[in-house]
Amino acid sequence: MTRIAVESELRYEVHSPTGLLLAMSAAETAHQHVTDDHLSVTPEVAREQVRFDPSGHDLVRVHVEQGLVTISYRAIVDVRPHVPDDVPRSEVSFIDLPGDVLGFLNPSRYCQSDLLERFAQQTFGGLDPGFDRVTGICNWIWDHLSYVPGSTDASSSAVDVLVGAAGVCRDYAHLGISFCRALGIPARYVSGYAVDLEPPDFHGFFEAFLHGEWYLFDATRMAPIDGLVRIAAGRDAADVAFATIVGAAELVGKEISAVDLDRAGPAPTTSTPALGTA
Amino acid sequence: MTRIAVESELRYEVHSPTGLLLAMSAAETAHQHVTDDHLSVTPEVAREQVRFDPSGHDLVRVHVEQGLVTISYRAIVDVRPHVPDDVPRSEVSFIDLPGDVLGFLNPSRYCQSDLLERFAQQTFGGLDPGFDRVTGICNWIWDHLSYVPGSTDASSSAVDVLVGAAGVCRDYAHLGISFCRALGIPARYVSGYAVDLEPPDFHGFFEAFLHGEWYLFDATRMAPIDGLVRIAAGRDAADVAFATIVGAAELVGKEISAVDLDRAGPAPTTSTPALGTA
Amino acid sequence: MTRIAVESELRYEVHSPTGLLLAMSAAETAHQHVTDDHLSVTPEVAREQVRFDPSGHDLVRVHVEQGLVTISYRAIVDVRPHVPDDVPRSEVSFIDLPGDVLGFLNPSRYCQSDLLERFAQQTFGGLDPGFDRVTGICNWIWDHLSYVPGSTDASSSAVDVLVGAAGVCRDYAHLGISFCRALGIPARYVSGYAVDLEPPDFHGFFEAFLHGEWYLFDATRMAPIDGLVRIAAGRDAADVAFATIVGAAELVGKEISAVDLDRAGPAPTTSTPALGTA
Amino acid sequence: MTRIAVESELRYEVHSPTGLLLAMSAAETAHQHVTDDHLSVTPEVAREQVRFDPSGHDLVRVHVEQGLVTISYRAIVDVRPHVPDDVPRSEVSFIDLPGDVLGFLNPSRYCQSDLLERFAQQTFGGLDPGFDRVTGICNWIWDHLSYVPGSTDASSSAVDVLVGAAGVCRDYAHLGISFCRALGIPARYVSGYAVDLEPPDFHGFFEAFLHGEWYLFDATRMAPIDGLVRIAAGRDAADVAFATIVGAAELVGKEISAVDLDRAGPAPTTSTPALGTA
């Protein structure tokens, strides 16, 4: 078990009546237990809990008339990853996929897996199936892409990132998801926190469905797999934006931290263990 | 009420073990009642009903080893559209959208609404909100696009179709959905049958969420709104493919029909009435 | 005749040995006479005049080892546009186009005219041929696009700009060129200076080949046609970059001005007269 | 010297007055001598020789009112490639490139080298410069792409081909050109004939400018380098189409052959020798 303290704060200058939809809260799952969590909006405004279907994560929606608004979140999260005795050596056949997983085979806005079928088959078709194949995808992405903040923007897709050979965490995840889906492996985007991220920020990674479970992968190698705290999962980054703004608001401040409370030194960054954390 | 007889048959030559996922069955909804429906697979093979989450429609999955396989469906469908006294003059504010509708604001693989925000605002921003605005979008699409079978393919997106100025029903729907989402109106793709389609085929259209309900639109003007039979709804065509093939199978025959059992003459093709049929 | 004083200065901080290729000098043509022109590079470095084939404009190439380098240009340019008695009412048939014009029918990096054939035919096919049709294209672009600095970047093409509905002078020109070529009208990109530009900068516009001559058009309406000073023409902006940098140099200063020496007040901005200035 | 007999015939059914621009004739160059060439148009119609500037190749333009038209070409071509004592180990510095070569560094419609700079640097930046680097590019393309007729169409660009991982000769050449330009190596598209092509067709390959000369490369490995007969060179396939049709004509027949008159057996297909054939 890893005990992680997460904190985040977003400050907006709101110029005219604006709706904010926030996905900053750590999720309670079979592999992740949240305590002491607190989300505050200052000044206090009416807020509403909304369940985003289909993904099933909870959003907080607030309406702000004008002025400075600060949204703060903090929690202690116990991450208890399920470590299988052995990594999954197989992929689930299309004929056996559960209905709630099928949609994660489909291409999405930022993951045009349909365009990458031959590329993926050509590059990863010869690897051992299962965990090794997805690890191979992550290694290829790590080798091929340069991590360059500012090299992509909110409209950049997996295809753009593959061609441009650079991106940030979100782009690494989109490319990994696209290659998985192109090979018939369901994959989804996960937003969250990551311990010791440098510079500190929210994080994006992905999950692949292998052997009946979702397994976490992070092609950026920026944090250990057991240092990842899930906020929400969706088809791609579009589904799990940390903040969606409809109106006129400007981000004027952002502070994020995630600290492993038990660990003193720097975290290892290889992704060797296979962890199911759905 | 319109009583519509639908029939469809797909024939595949299967070359090696293949999974088929079929979405050919008319949906049972508050506005659509299905009787006498029958789906057969010849030769008889094991088949499984799968519920596609999130959209919640039922799929039939079969596994075929080899040889010719024929999938036939027929049903009588009573379409009882809800006709409001007046068309909705307003759109639902972002702050009031239900959680299960929020995802239909997001861009998707074939509906890159994020890229079209300024285009949509520039072209449709001045129209009256609600039903009139979406009708204006449909009229613009009808004026701008030429219906040209073969001008697009399975990878064509709304942006491709806008630029290329041609497409088929699926493309018309994707462009309509994209413009709606770009304007903050949730929209989704609907697959189905349509009476008197020429040439006969499956059909694709879309729904926009206005005033708390989903309203049907068909920018192709190929069938009357009350001649549309729903199979399934999803983010775009990727979610509701009539048949998904994983393996090696070749479509060798396709026959589809939808007949209005009460109407003798040809159907009117304007989209004047506002119908909620979710 | 318009007498225009142009001045430009670019300052670079060069970090390591760098080649600079400059296209800042006003062209001497049948319709444009240049006097008192002077290009200086400070500190003085070896420089070479290079003729860019095919377009036939002269470039200055310098090699800088390190440090601050300032390139300054000034000239007095007499623009003597040829004003035909009547605007050309016809377009040159493909069968009659000169060989040195044929290449300007082809799609280029930023002008994918091949993708826009149906869009152009659909939107401009019904207009009167010749000058009126190209004017119609410019008017449509003016109506459809918003002039938004920063909305596009160096990789944005005509298709991107059409979809995004915003751009700067270069984008307006690329879209105009693309529509012309899509309709069988040869068109090329012109870089230059423009009087009274706000904010002052280099400018980009385009020419269409009508009735045996190249006619100038500027869809931005930012300067009068007889206030445009040509530097060079090419297939699109790629051919006529003001400065091409190979190495490591950072632009640290830019000043540009173009003043109509005979005119006191602000210039009219409509593009009514037809001017051949090839 | 290789003596190659080339023959081609195109047959069109012309439905309404149509202009045809043909680039089927072998070029006379320092490394290629053409004898016994004959181009005929049946029925006989007025035809005109047009020089395509900038590339400088000759085109034949004919105007056909209606009916079946047959264009036939045949020639004997002596290919005398210049074989340097050693392959060029260096690339020409930007600062030393001739003015008529500079344009072949620019991105073009089908060769978006500007988008591929990081990809190319990442993949080929570590190879030895000059001939070896371009050979490395060709080998990578050969490994990465599948040669699949029908996988691309006339609008497919190098980026599409890279992503889709399949294409035909034109696509292989476009990708090779794009990678070269992205690395600062001028490159251009060459259309031509190739001995023993299977199935017989026109061919497309490319040239890279190294050490002051243009060197031929063919990433498809479909013909030996000294079995390539040049028709024309240009920025990409758009500049050197075998036939450009403006009007309404349908290709109803095509026959092409290129035979090495001195060689009986099948040709070797490796691209080892370095040949300058500009």
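The first chain written gets the first letter, and so on, giving A, B, C and D; residue counts start at 1 in each chain.
Note that in this section contacts are C-beta pairs under 8 Å (C-beta built on N, C-alpha and C of every residue); 3 or more make two chains touch, one makes a residue touch a chain.
Keep in mind that what you see is a predicted model, and the values were worked out from it rather than measured.
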| item | value |
| --- | --- |
| Interface residue identity across copies subunit A, subunit D - same or different by half | same |
| Between subunit A and subunit D, centroid-to-centroid distance (C-alpha), Å | 46 |
| Subunit C residues counted as touching two or more neighbouring chains | 115 |
| Contact graph of the chains (line, ring, star, complete, other) | ring |
| Pairs of chains, among all present, that meet the touch criterion | A-B, A-D, B-C, C-D |
| Subunit A residues within the subunit B interface of the complex | 19, 21, 50-55, 59, 61, 63, 93-95, 98-100, 102-103, 106-109, 111-112, 114-115, 154-155, 184, 235, 238-239, 246 |
| Subunit A - residues contacting subunit D, complex | 115-116, 118-119, 122, 144, 146, 159, 162-166 |
